[in-house]
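Here subunit A shows up in two complexes: once beside subunit B, once beside subunit C.
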Partner chain A sequence: MNKTVNQKAWFFVLPVFLLVAFNALIPLMTVVNFSVQETFGDNVFFWAGVRWFEEVLHSERFHAALVRQLLFTGIILLIEIPLGLAIALSMPRKGPWVSVCLVLMALPLLIPWNVVGAMWNIFALPDIGLLGRSINALGIEYNYTRQIFSAWFTMVLMDVWHWTSLVVLLCYAGLVSIPDAYYQAAKVDGARPWAVFRYIQLPKLKYVLTIAILLRFMDSFMIYTEAVVLTGGGPGNATTFLSIDLQKIALGQFDLGPAGAMSIIYFLIILFLSWLFYTLMMKDEAR
Partner chain B sequence: MAKITLQDIRHAYGPDPQREEDWALKKLSLELSDGGAYALLGPSGCGKTTLLNLISGLLAPTEGRILFDSTDVTEATPEQRNIAQVFQFPVIYDTMSVFGNLAFPLRNRGVAEKDVDARVREIAKMLELDHMLAKRASGLTADGKQKISLGRGLVRSDVNVIMFDEPLTVIDPHLKWVLRSKLKELHHRIRRTMIYVTHDQTEALTFAEKVVVMKDGQIVQIGTPIELFERPRHTFVGHFIGSPGMNVLPCVVKGGEVVFAGNPVPAANAGAYKGNGKVLELGVRPEFVSLGSDGIPVDIVKVADAGRYRIVETRHKDHSIKLLVAEGVELPAQKAHVRFDAAHTQIYEDGWMVS
Partner chain C sequence: MSLELKNVTKRVGVDVYIHETSLRLEEGSFNILLGTTLAGKTTLMQLMAGLDRPSSGEVWFAGRNVTGVPVQKRNVSMVYQQFINYPNFSVYENIASPLRVAGMAQQEIDERVQKAADLLRLTPMLKRRPNELSGGQQQRTAIARALVKDFDLILLDEPLANLDYKLREELRDELPKLFAGRKCIVVYATTEPSEALLFGGNTATLFEGRVTQFGPTSGIYRRPRDLTSARVFSDPPINTARIAKKGDRITLENSVTWHVPKAAGVPDGDYTIGIRPHHITPVSQGRDASVIEGRVLVTELSGSESVIHFDMNGQTWVSQSHGIHPFEVGSTARLYVDVDQSFFFDGDNRLIGQDNRI
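And then the complex of A and B:
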């Protein structure tokens, strides 16, 4: 049978192209537009070439924010992924407790981000917050508005509390979809619990874990609301992550050119790292 | 290697069985001799997989005892019972090679790596997997994967019994035959007890030396394929085994003679009837019905060609009688007479053969 070759199919792609154009391409182009121009107000713009990109890439301030961002994302991934997996493994598979566990797990995900920030802000206050007062009562000096370590500790704890559930729910869904026959075969083959985890559960959870890591990576790399409400980037600049720094440059100092250039670099970093994660985790499949 | 004895086994999945329907498996006793090839045959939901899982130890019976030789294993795990089981869908360990999969049961039991290697190679050769030992198991076709599942059951030389739970479900028809012959050949070679669960009569009858026919959580008959064919103990066995199934017709017994719709019919077991007045039926397989010049007058309703013979559906009053006629034999146009082979005509009381 001969295939008809014509260009009509493009017509069907048009609606989605328009949609993507309006919600992604056009806003992105305005940022690209800012990133290559200089303005002194009055809506007058001059061509600046790649000057802002060079400036951002050589800026100490950007480097520091990037390092903080990478550190934060690394820490929360190292905690949330194993912890989420462990919780999912210990949750019941059937019975009345399943729904109770699922609802409890889903709760943190339902709370608006700025509320999460506000909750932890008050919860961790050293004088009136339950957490802050308790830690101080134990004899440990803790003040997240003054000490860098305390601020980071609170920030990580908040993110773990807020987002581990997502990893749990994804892993749980993956676990319950493993057919019983696998566990039965493992029993017959005399596999120990560790072998069951290593050779059945972990391989079957591969895709789910890839998704979980990607989602948590992208989300934590763009963390803004909770962090701003909790510490506002302080003390000093200790918790000024990329998004907070970007907001300060764009709307605080109103440096549209550097902010535009930084946005694009920020976007490209996320894109590159997501690609890298995905490629590394799917490497085996290609063989 | 062991003889398997089930004593008064009963099983319910619910916590508090009250009514008769709560029991997935009604009370039964069964003895499987060492080295035999058995099939559990029955329609879906008849309890055959439950029975299999009770033997393997994946389930513990609600009541009764299970013995391997004289050891009580009722509470023992599958591992302690030292059994192997192949499941309906191939179970393979995705991240391991074919070799790793086959070696898994041995390595779990701490067998020395030198012996593992020798044993795995031997089994792989038997199953014709030896040229792909280094390949990743996840890349294999369904029948290759099922061979690995089977291989994992065979690598341990001391298993008491190997069980198959509808193992050919996901296999292509032309490979089913190949794998089935392979199984049969393996059984002859290693003489290990094998239990094969299926709802396919061809699979059961070709594989097993003894077939256990089940229905509604009960064992209806245990016998060799020939026994099941020639002397079905229950009308269900007559229906379920054979294609087409046995003719089951209402009848009465008058003065020691079986009468079907006014026609006297000789039956092998007519003399054993004690006259309990329950529902009486006579059963005769289409293979044992023949056309004749006299006998029961019938109308020919339908003729279906099945290759070497034809299936002829006839009607006497409201009763349908099927018979097989060899190819090349002239068929009367419409009116005919049929006769039943007396040696293979039995009467059944409430479904059970009168004896």
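And then the complex of A and C:
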């Protein structure tokens, strides 16, 4: 077969290339630029090689932030995915309550992130907040600005409140797309509800769940706004996640070199873990 | 062992899905539910299966009233228009699933699955998952599942509708053979009259939630009881017109007069005439041919067949004939009608009792 070679086709690619360059490649290259140089201000840079990368990778502060980040993401995934799935399963499939449920579910997703942080900040205050006071009234000592456990508890609760809805909506969309005939066929076979879930709903939700886990993983791994507004990384460094730490280094201490190196490492970790999740969940399909 | 619907109805809110219906399906019979979408085929099947309870009336099976008995206790299987299989089971496990539920021994399961797979030419695919199969193979798997156990009642709800032409033809040929010699009652829903004619057996014509006629398929095609049954069982649609009959002549609304010696026994009066499209052809069938002229609206030419839609006194009539007859759209077509093959319906749209059929 003869292929027509037409160099003009490049012009069609050009706008996309420029756009991506402008909003992704160029900013990323700035970060790369910082990560391999040393500066003392006045826009004077010296070559630093991989020194900043070594420094970040050996820094205990980075390790601690990474462990906190992994722990946080792990906890919220373990809660939000099963909870979201359970809520989606118990939502009505038909009737007037569907829209009520959907609106209620979408509500948390519509609130700006810093407002979510501020809401929970006040809601959980031990002296005047409804949640904080109630817990203390039960005789449990609770103060998220002082106790590490309280701070984590509040942080996880806030994230679950804010983001479980996303999992619910995704799963619900997946569930309603299963044709009725599947449920009928299951009924004809005499399948119990657990079997229907295990052999019909779960396999049919596989792709949706993969997307939900990936989205929640990436978002929670990059959590910043809500956490900063709620605890500011405290008490001490107890809730200083990677993004908060990064911000402190980059804008608090203005160490652009280490911050650049950390950004790239951070990015690569997310990329690697996302790839890992995806590959593991899709490995059956590859055959 | 027969399935009997006794005065069954199904209402949902104010909507009537099935008007009072009585049907008796015999052991080993192949029964076709023929009707357009929303005619009530699926609802009727669900009532037969026990997936749904009738609003009134009773369902009897093998001399026992099974009206309230749920589907899983009835030894019923169903094949759907969509290809329904367990997504993460292999083809083997999919076919074996009804036997597993029944708690059969592994050795017998093995034998039966092999047999069903052989019958449906699935043996090389037994280890694959449904999403690694073509649509035709997926539907074969679903059909194999319906055959693997000795079900009393097998319901097929437009099983070939989602398949492409070639696969549909293939499975259409195989299906009757698969069920031949079995004791089960087969019910097959379809929208296509040609499919019903190919399968033979019995046909129930459905229209707006009513079974308009039930009996041997060819009998219903040849002698529809009324205009509705004739309409349901005709594709392209049957041509109709009001006529006045006097002696051996009939006069159409546009005052065309045809000579119909065979209708001599029918009393004089006003009727609706029904003529199947393949009894109107561009080629004269000799004898005392009846002629009709009309403005051509559409011509559909396939390799071996011409379908001509033309205007007949404000109504669209259709002619279907062998060969290629390329009429110009807008031109006037001269067509020949085999009036001897036509149906006469009285004021209540009932077929007039003359036996003028082939």
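By our rule, the second predicted complex is superposed on the first by the 277 of 287 C-alpha atoms of A that agree within 3 Å, B and C clash if a C-alpha of one lies under 4 Å from a C-alpha of the other, contacts with A are read in each partner's own complex, and residues count from 1 in each chain.
Here is the rule we go by: a residue touches a chain if its C-beta (ideal position, glycine included) is under 8 Å from a C-beta of that chain, and two chains touch if they have at least 3 such contacts.
Just so you know, these numbers come straight off a predicted model, no measurement behind them.
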item	value
Subunit A as common anchor, with subunit B and subunit C clashing or fitting	clash
Partner chain in contact with A:Gly139 - subunit B first, subunit C second, else both or neither	neither
Touching both subunit C and subunit B, counted on subunit A across the two superposed complexes	179, 181-182, 184-185, 187-191, 199-200, 203-204
Interface residues, subunit A side, partner subunit C - complex	179, 181-182, 184-185, 187-191, 199-200, 203-204
Of subunit B, residues touching subunit A in the complex	56, 58, 77-79, 83-85, 87-89, 91, 93-96, 104-105, 108-109, 136, 149, 152-153
Parts of subunit A lying in touch with subunit B, wherever the complex brings them together	179, 181-182, 184-185, 187-192, 195, 199-200, 203-204, 287
Complex contacts: residues of subunit C adjacent to subunit A	46, 49, 51, 70-73, 76-78, 80-82, 84, 86-89, 97-98, 101
